[in-house]
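One structure coming up, written as C-alpha cells, with questions to follow.
Chain naming follows the written order as A, B, C, D and E, and within any one chain the residues start at number 1.
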Amino acid sequence: MHSISVRDLTLNFGSHAVLKTMNLDVAEGEFIVLLGPSGCGKSTLLNCIAGLLDISDGEIWIKGQNVTWAEPSERGIGMVFQSYALYPQMTVRGNLSFGLKNARMPKAEIESRVARAAKILQIEPLLDRKPGALSGGQRQRVAIGRALVRDVDVFLFDEPLSNLDAKLRAELRVEIKRLHSRLNNTMVYVTHDQIEALTLADRIAVMKGGVIQQLDAPQVIYNRPANLFVAGFIGSPAMNFLPGAVVDGGRSFRLGEHSIALEGYDGRAVDLPRAILGLRPEHIAIATDPRPGTSLPAVVELDEPMGADSLVWLKAAGQQMSVRVPVERRLEPGTPVYLHLDLPKASLFDAATEQRI
Amino acid sequence: MCPGPIWNSEANAVADLTKGPRGAKPRKILSRRNIMLYGILFVISVYYLLPLYVMVVTSLKGMPEIRLGNIFSPPVEITFQPWVKAWAQACTGLNCDGLSRGFWNSVQITVPSVILSIAVAAVNGYALSLWKFRGAETFFAILIVGAFIPYQVMIYPIVIILREIGIYGTLWGLVLVHTIFGMPILTLLFRNYFSSVPEELFKAARVDGAGFWGIFLRIMVPMSLPIFVVALILQVTGIWNDFLFGVIYTRPDTYPMTVQLNNIVNSVQGVKEYNVNMAATLLTGLVPLIIYFISGKLFVRGIAAGAVKG
Amino acid sequence: TDLEVTHWWTSGGEAAAVAELAKAFDATGNKWVDGAIAGSGDTARPIMVSRITGGDPMAATQFNHGRQAQELVEAGLMRDFTELAAKEGWADIVNPPSLLANCTLDGKIYCVPVNIHSWQWLWLSNKAFADAGVPVPTNWDEFVAAAPALEAKGITPLAMGQQAWQNAGAFNVLMVAVGGRDLFMKVYGDKDEAVAGGAELGPVFKAIDDARKMAANSKVQDWNQATNMVITGQAGGQIMGDWAQGEFQIAGQVAGTDYTCLPGLGMNEIISTGGDAFYFPVLSDPEASAAQEVLASTMMAQATQVAFNLKKGSLPVRGDIDLSTANDCMQKGLEILAAGNVIQGSDELISPDTTTQINDLMSEFFNDPAITVEDAQARFADIIATAE
Amino acid sequence: MSTSPRPYRLLRNLNAKIASVPMILTALVIFVGGTAWTVFYSFTDSKLLPRLRFVGLDQYERLWSTGRWLTSIENLLIYGVLTLIFSLVIGFLLAVLLDQKIRFEDTFRTIFLYPFALSFIVTGLVWQWILNPEFGVQNVVRSLGFTEFVFDPLYDPDIVIYGVLIAGLWQGTGLIMCLMLAGLRGIDEDIWKAARIDGIPTWKTYIFIIIPMMRPVFVTTLVIIMSGIVKVYDLVVAQTGGGPGNASEVPAKYVYDFMFAAQNLGQGFAASTMMLLSVVIIVVPWAYLEFGGKRRG
Amino acid sequence: MHSISVRDLTLNFGSHAVLKTMNLDVAEGEFIVLLGPSGCGKSTLLNCIAGLLDISDGEIWIKGQNVTWAEPSERGIGMVFQSYALYPQMTVRGNLSFGLKNARMPKAEIESRVARAAKILQIEPLLDRKPGALSGGQRQRVAIGRALVRDVDVFLFDEPLSNLDAKLRAELRVEIKRLHSRLNNTMVYVTHDQIEALTLADRIAVMKGGVIQQLDAPQVIYNRPANLFVAGFIGSPAMNFLPGAVVDGGRSFRLGEHSIALEGYDGRAVDLPRAILGLRPEHIAIATDPRPGTSLPAVVELDEPMGADSLVWLKAAGQQMSVRVPVERRLEPGTPVYLHLDLPKASLFDAATEQRI
C-alpha cells in the first residue's frame, strides 16, 4: 500500500492547466522532495494532496483511502508552510493545541501530546511565548509541532526553510532529517534549494511546467539526469554543456575540430548529428599536458576561490566552462591548460529531444 | 484500518475500495450555503437600495399620486416635471431657478478645494513618512485629535481668522476651510501610504540627487495613484456634500448646490412637494454617486493601501 | 447699484410680499439681489451674524426687531439712519411709536421697521366645523369644547407645527389671551419669578395643556403646513400670527366665509406689536451706502407699505395710510391697533437666550405627554428667574 | 566642494520643514489656538459677540442643569455606543459575506458603499420620508391589512434616536465594510490553509484567528467611526430637527443652537469645551500610543 | 589617499549604539565586502557612507574630501539596493538618466552616458521598457547602470543579489566581478552570503554587533580567522570546534583522554587550560587506521550527499564533527573510523578571550 498515491491528477486554474495528468506514488516512510523552478506547480501539487485545492480530474489516495473529496482535516496529513502561518495572537501552546481542542480531545490527552511534541522539537521553554517573540528557527519548529501533535502519518512541507538565513537553514535541514529518521513517517517536501533536495530526499521529483521530469534517488538525478532540463537545473555550479555531434557509430563526440572518445560512457551508442555533452565541473581536471582522446585545450579566464574549493572559469573550444579545483591551486588568467574529461561520469543528450541518450 | 472516511461510510459500504470519488468535487450551485449566502446578501441589498428606490420613484410621481399611494409603489404615470422644476424652476425667495445656479457654484468650490486639500495633505503625508524631523509627529498627533473636533466648535474662531486675513466670504476662504478640515484624515491616509513605499526607493532617489520636491513630484506622486483616487473621492463627496461651511463662508450668489437643496426643501409653499424634493436630492447627490460608481474598484484598492497598512 | 438683501421669507405669502419690496426698490434704478435663506430665523440668523462679524456684510438684512441685533449695533457694525429718519419724519408717521423705539439705541435709529406682526390670532376652518356639525367657535373656550366633535370626524382639532418656536408662540399667545396684559407684563416685563410660578398662571397652563391634547395628532413640521391643514379642513384651527393670513390669501380663501379669524383668541383682544425690521450693515463702498438710504426710504414709503403688507398679511408701520382694501381680518387688526390695545412682543422683552429656553421647554412639553402641567410651570419659573 | 561644515540642526531637512508649515499652522493656529480661544471664552458671558466679561463657571453650571444638554449627552451615548457596535459588526459581517468568493462581488460592494457618497442631509431627508408614518413603512404595512401596526420612530420621543441610528448606519456601514474587506484580503492565505488542516470551522477561524489579526484595521475603523459620532449634526438636523421636543438632540446641535440661534456664545462655548474634553479623554491617550510614540522610528 | 576613509564613526539610534567608533580605510580600486549576521550594522554603515543617515560622531572622507555632512548626491558615490529600488513608473532609460537630469547635465551628454552604460551592461534592447517588464537579473543590471552613468568612483552595494535564485546569483556574481576588473573603481559590498564574500572581495570585513571583527583578504579570513566568531561564521559547513587544553608548553592539545600533537601549527606556543581547536570539515580525512598523534577515533552518524561531495557527521571524543568527503565514498551510520587531522591548517583559540592564539 502506498502512503500517498496521486493518479492522473489534473488541475486547471480557469483554462490554464497547472498540473497535467500527474502520477506519483510515495511509499510508506519515504521522504520525497519536489524540486523545480518557481511557478512549476510544486505548491499546487502539495495543496491538492492536502485537499486545499479542488482538483479538476484524477484521484488522490492516502494510506489506501480515496480522499479525493475529503476535507483537509480528515486526510491524516500535517502541513508546514513557508511563512509558518502560526496564529500570531496565541501562545505556542495555543498554536499546538488549537486543532486538538477543536476536535474535542480530552484535556489530558492534549497536554500529553503537546508535551511530547515540545520535547521532540526542544521547544518546551517556549510554550508560553507568542510567535512574535520567537526566532525564525523556533517558529519553524512550532509549525512542525502543529503537525506533530495531530499524530499524522503524512507531513507536507512547502519550502519550510526558504525564509531563513543560510546558517540556520543548514542546521534545520539536519534537524528535519533527524526528525524523519526518528518518526519515520512519509514526508513530501517542496523546495527550490538543491542542497536541501539532495541531502534530504529519498527520492527527488524534478518538476517543470506541471510535469514531473524525473523521479529518482538524488544520486541518480545528479549523475544520470534524464534530460537537459534536469541536468542543468541540478548541480551548483551548473553542469557544462558542450554542443557537438556523436560520430563513429557512437564512439566519438565531435566538438569543432576536436574529437573526444566516448570511452566508458554507458549510454546507447548511436550516431547523432546534434548532441550535447554534459560534464559537471568536478568531473574535469586541469593539467598542463594533453591526454589523447579525452582532453581539450583551454585558457583560464577567472579564478573564484570559495573557501575550500576554487571555481576556475575557462574557455575551451569556444565554450565557457567551469571547473572545480582545490583552493590551493591558483591559476592566473590567461594560462593555457588542458582539461581532462572524466567521460564515464558525463551525460550525453539528444539536442532535438533534450533527452539523455 | 482506521474507520473509513465519512463520505462513503454507509452508502458505499460494500463498494470496492479501489473505486471512489474521482475528479472535481461536485459543487451544487443551489447548496444550502449558497442559498443562505445569496439570500442574506439580497435582503441586505434591499435595505441599502430601498432609499434610492424611494427617491427615484417618488421623484417621478405627480403630487396627487404621492398623496394617495404609498411610497414604494411604482409611479402610475411617469412625469419628469419634478426634475425640471428642481433643476430650473423651484423658488427660494425671489430666485426661481432651482438647483442649476448652485451646480456651477458647487463645481467652482469643489474643484479648487479638492485640488488644494489633496495637494497639501499629500505633501504632509510625504514629509511625515519620509522626511521625519523632530516634532513632526507631535504636530501630526494634534492634527489627528483635530479630526475629532466637531466643526461647530471651530466656526467662530475661523470666522475671526478669515476676517483677520481678509478672505472671509471669498471663494478662497472656503477653499482654505475645506483644506483645513480635510487635512487630518487625508494626511493620515497619505502618511500610511507613503510609509509602505519601500524606503530604498527614497534612498536611491536621494543618491541620484533628487531633493525634497524632486522625489515627491517625480517618484512618489506617479506611483501613488490608488491613494490619490481615495483622497479624491473622499474630498469630492465631502466638499460637494458640505452644507455648513458652504452656507456660512459664502454669499448667496455663490451658494453651493447643497444650500440650494436646503432652500428648496425647506421653502414650503403650502404643501411639501415631495417629488420635487426627491428630484432635487437626487440631483445633488448625482455627482458623488457617479464618481463612486465609476471608481469603486480603485477606491477599494486605495483604501487597502492607505488605511489598512497603518 | 446692486444691493444684497438677506431674509428668511420663503413661504408662498412671504415671498410674494418680498417681491413687492424688490419691485419698488428696482424701480428706483437700483437692483435688489435676493439672499433668501430657507428654514426659519434660527437657520438664517447665524449665517447673517457670521457674515457681518466676518467682515463680509450684506447690504441689508432682516431681523425681528428687538434685541436680536442689539450687540451688532453696539459693536458699531450697523448704519445709523437718524438723519434720514429726521428728514423723512419717521417719528411722526410710525405707529405705534414703540416700533421706532425698538430701533433706537442711545437716541440713534438703526433700523427700518417694515411691518407689524401680531401673534395673537386663532385661525379657524369653517369647513372643518361644518363637517363636524358644530358652529364655528367664537373664542378659545368654545374651541376647546368643540374638539371632541372634530376628533370624532377624524379632524385634528388644533394644527401645530413641530418647531419649537411655534409651541412657545402658542403659549405666549394663550398667556395674553387667557391671563391678560398685566399678567404677561409681570412675567416677561418684570420677570417676576413668583408670578411665573404662582397660581395666576394656572389657567394659562391649563389652556396650553388643552392645546397639547388637541394637537396630539398634528405631525407636520412647518407653520405653513399647519396652516394648510386648516385651509384644507383637515384641522379645526391654528394659533398663529397674522402672517398666516398670506397663506389663506394665496389659497384663494375669503375671510369670514372660508375661514374665521379671532384676534386675541376671542378672549382679550390685545395684539402685540412686534414685527420685522431691516438693518443695514456699515459698508465701505460709498455708492452702496447711498443705495442703502434709497432702500430704507423705499421701505418706509406709503405705496410700498401698502403693497407689502397686503401680501404679507401684516399691518403697516405707518399710521397715515388707508387700508380700505384690506380684508376682514386685517381690518379687525387695524381697529385694535387704533384702539391702542397693544402690547410689546416677547422678542422685545426677553433675550434670545431666554426665548430659546422657553422654546425648548414648550417643545418638550408638547411632545412628551409625561410632562405634567406642574413640572412645566416649575421649569418655566426657573427660566424666568434667570431671564434677562 | 571641500569640507562641508556641520549644518545647523534647524536647517537640516529644511524643505520638509517648509513644506510642513501649512500642517504646523493648522495644528497650532486652528486646532490648538481655536480650541484654546473657545475654552477661554467659555468662562465669559458672551452673547451675540465674544466679549471679555468673566463669569467663572456659571456657564458650566447652567449647562449641566439644562435638560436639553443632558438629553443630548444621553443621546450621544446611546447613538455612539450603538453605532460603534453595529458599524463594526455589520461592516465586518458584510465584509465576510463578500469575502466568500461570491459572484457579483463588485455589484454588491457598490450597493453597500453608495450611501456613503450621499450627504447626511440627503440621508436624513430620505429616511425621514421612509419613516414617516403617513407615507412610509407604517402606511405600507397597514395597507397590507395590519391596521394596528405602529412604526413611527421619528415621532416617538423614546425611540427617535434609533430612527436616526438606522439612517446613520445605512450611510456609514459601507465604508466600514470596505475597510474590513481590505483587512481580510490582507491576511496571509496560509493562515486559512493551516486552519483548514487543523480542522477548524470557518466561523471559529474568523473569531479566534482572523479578528485578532486584524487589530490595526479595527483601530483605523474605530477612529473613523468615533470621529463621525462626535460630529453627528447634519443627520439629526435634516431628519428630525432635534425633535420631537428635544428627544433627538445631540451635543453638536446644542452648541450650534446656543452659539447662534440663542445668541449665547458663552453657553455654546461651554458646551463645546465639554465636547472637547470628552474627545481629549478618549483620543489623546490613544493618539499618543498610536502616532506620537516611538513606533516606526 | 584612501578612496573611503571612515574615522571613529559612531551611530546611535536613540540610545542604542549601532556602530561603535568604527574605523575603515578602503584603497582606491579595492573591493571590500562587509559580511556579518543580520542586524550587525552592515546596511547602517553603508548608509552612513552614502550620507543617507546622519552620523552621531566621527568623520567620513571620500577621495580626500571630508564629506561627513555632504548630501548623498555630492559624495561621488553610486548605490545599488537589494530590491533594486528602480523607479517603477519610469522606463529603464528614465531610471538611468534621472540622476543626471537632476544634476542638470546637457541632454547630449546624458544620452551618451546612458548609451555607454547600457552597452557595458548589455541592456540596450531594454531601454524603453519599464522595470515591471524586466527579469530579476535585468533589473539588477539597471540598478548597477544607475550608478554607472553617474561616473562615480565609489560603488556601494547593499545585498544586491539576495533576492535572486541560486543560479542567477552565481551568474551575476561573476558579472559583478568582471565589471569591477573592467572599471576598477572602489566597491563596498554588503552581503551575508559567504560564497559571494569569498569570491568577490579583495578584503572582507567581518562585522558583529557594530564592530569589525576582522578585516583581511578572504583566504586569510578563511584560513586564519582572528577569533571564534569569525571562524564559526565563515565556512559552510561550519568549522568543527573541539574544546580542550593546550599542554606541554604549547606542543600538544589535550582532548579528553586523547592527546593531539600541535605539529606544524603556526600560532604562539603557550599552555592554556581552556582552549578550542578549530578544524574545517575539508581538513579532516577519514581513514580506517589511526595515525599516531594526529588522529581521533570516531563513529559515523549520518552521511549527507550533496552532489559533488558528501558531508559525513561523526561523533569523536564526545563531540559532533562534520567531515567533507567525495560523494563516491559512502559511509554507513555506526561505522567506526579514524579521523586524520590536518593540523597545519587548524586554528587554536583561547576559550576565555575567544581570540586566536
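Definition applied: a residue touches a chain if its C-beta (ideal position, glycine included) is under 8 Å from a C-beta of that chain, and two chains touch if they have at least 3 such contacts.
What you are looking at is a predicted structure, and each value in this text was computed from that prediction instead of being measured.
Hopping across touching chains, the smallest step count from subunit C to subunit D is 1. Contact analysis places B-D first among chain pairs (by count of C-beta pairs in contact). Chain centres here are Cα means. That of subunit A falls 26 Å from that of subunit E.
Between the CA-based centres of subunit C and subunit E the separation comes to 91 Å, rounded to the whole angstrom. Centroids built from CA atoms put subunit B at 52 Å from subunit A. With centres taken as mean Cα positions, subunit C sits 42 Å from subunit B.
Within subunit C, the positions touching two or more other chains are listed as 46, 50, 53.
Multi-chain contact residues of subunit A (touching two or more other chains): 74. Multi-chain contact residues, meaning those touching two or more other chains, occur in subunit D at positions 12, 256, 259.
On the side of subunit C, the complex with subunit D involves touching residues 41-42, 45-46, 49-50, 53, 68, 70-72, 75, 162-164, 219, 221, 351-353, 355-357, 360, 363-368, 379, 386. Partner subunit A is touched in their complex by these residues of subunit E: 37-38, 165-167, 170, 174, 177-178, 192-195, 198-199, 218-219, 222, 233-238, 280-282, 302, 304-308, 311, 313, 324, 327.
Interface residues of subunit D, counted against subunit A in their complex, comprise 188, 190-191, 193-194, 196-201, 204, 208-209, 212-213. Of all the residues in subunit B, the ones that touch subunit E in their complex are 198, 200-201, 203-211, 214, 218-219, 222-223. Residues of subunit A that touch subunit D in their complex: 47, 50-52, 71-74, 77-79, 81-90, 98-99, 102-103, 146, 150.
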